[in-house]
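Order as written gives the chain letters A, B, C and D; numbering starts at 1 within each chain.
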Amino acid sequence: MDNMQRVGISVEDGLLKKFDKLIDKQGYANRSEAIRDLIRDRLMREQLEEPASNAIAAIFVVYDHHSTQLTQKLTELQHSQFLKTISSMHIHIGHHDCLEVILLKGKVGEIKKMADRIIALKGVKLGKVNLIATE
Amino acid sequence: MDNMQRVGISVEDGLLKKFDKLIDKQGYANRSEAIRDLIRDRLMREQLEEPASNAIAAIFVVYDHHSTQLTQKLTELQHSQFLKTISSMHIHIGHHDCLEVILLKGKVGEIKKMADRIIALKGVKLGKVNLIATE
Amino acid sequence: MDNMQRVGISVEDGLLKKFDKLIDKQGYANRSEAIRDLIRDRLMREQLEEPASNAIAAIFVVYDHHSTQLTQKLTELQHSQFLKTISSMHIHIGHHDCLEVILLKGKVGEIKKMADRIIALKGVKLGKVNLIATE
Amino acid sequence: MDNMQRVGISVEDGLLKKFDKLIDKQGYANRSEAIRDLIRDRLMREQLEEPASNAIAAIFVVYDHHSTQLTQKLTELQHSQFLKTISSMHIHIGHHDCLEVILLKGKVGEIKKMADRIIALKGVKLGKVNLIATE
């Protein structure tokens, strides 16, 4: 595990008070924890701008389960040569609608292309992709 | 299932050409499909601005599995009185790190509060929440 | 001017190295400056979630200057009772197209409603709103 | 000016009703107008993902006008060889704080780099960049 380093920073009184109030509301145990989260989030956003970065993604798809062949096409797309599907979850959210959450690993650029193709499939009503950068 | 209605719209030549090129790249079968997706996405974004709207959310959490008590706290938080956890997935993404994807149902406002509290937990390194509006 | 307070935080070695590399690339003079910016940005995003918060907004509008009555309607909308237009800039960006940047002050919720109405005007091709929280 | 083309699309009854309600609230004159806006917005988002695309940007900067040399540094940065500043607006928003809105033209990638450098300047408290794709 990484060694911790002690860093001193200076912050305006007023800014610090507001920040303390916010992180208290969120439930943080201390400022270090909260500031580390801000730093990690900033680095992650930087990394996700880069199409060649590694990421884990969750693609959400809401679809009508009566759509013929959709399930098969979804499965085929998941067997892309550029991406590695980790797992998927399937949830019934209404009479006709299912939600499928597909977790996969790959380059940011390839994941976005894949997400576009999945959302474009006939029968898919809503799609969204969420990325988390990995090292 | 909903009846389909036929709608006529007028679009500039140049705009239509660019749109056709984009949706072809994405793999859409036809324009209707692509335009319906734009409409659904627009409605969903509108709905998610409203804290009282119903939504399904996936909360992503990357955490160090050596963190004592984190798993227990995560479980406790999921048993909130305002939200209903649907399911969760757990994935090992490195020597120390795990990714947990928690699917839950509830009001947009409650989900965001819950996500804030989860991300603030000691040991959680990265957190992100993704929302999909439901009817 | 606000007094500065000295705060000590602990950060993992590896995380700190990556952060130092990023802020060096961005041109920050030191870590305090960069971390203060992360804190301000976090607080601002929190504030902008709240419809009743005060904000300054820039609404960008690309429109065809041949559109009859558009200029007049834009002007009328800017004289809303809930918002205060500060100033606007007008730029020619092509044969037919103009870009208008309208700066205004008001509550987040009112600004969003106004932006929706402006973007919906006949002749407006593209619209975007950008918010900055004020105290 | 571009010729208009007539396009027929089919949309589910329920979806259409919700869409009509939304665009009526926003003030759209008709569906064509609203759908064209969705198409333009989608194309613009696609274009802005590409660092080599042309864009117009507004960089917002809130800064303390007591900061020595900041104004000069802001001016120097605006005279980059890769970007063309179109104009800028300056607004007093408090005892110490000014808001500067800088409009510039250039490639998406160059604009983002410039925005990073401006936000990193000592004395700059908040910064945000907003992009609009141009042809």
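Quick note on the criterion: a residue touches a chain if its C-beta (ideal position, glycine included) is under 8 Å from a C-beta of that chain, and two chains touch if they have at least 3 such contacts.
All values derive from a computational prediction rather than experimental measurement.
Chains that touch both chain C and chain D: there are none. Rounded to whole angstrom units, the spacing between the C-alpha centres of chain B and chain C is 25.
In chain B, 36, 40 are the positions where the chain touches two or more neighbouring chains simultaneously.
With chains as nodes and touching pairs as edges, the resulting graph is a single ring in which every chain has exactly two contacts. Contact between chains, as defined at the top, is found for A-B, A-C, B-D, C-D. Residues of chain D that touch chain C in their complex: 1, 23, 25-29, 33-34, 37, 40-41, 44, 56, 58, 60, 62, 64, 66, 86-87, 89, 91, 93-94, 96, 99, 101, 103, 116-117, 119-122, 124-128, 130, 132, 134-135. Residues 2-16, 18-19, 22, 31-32, 35-36, 38-40, 42-43, 46 of chain B are the ones that touch chain D when the two sit in their complex.
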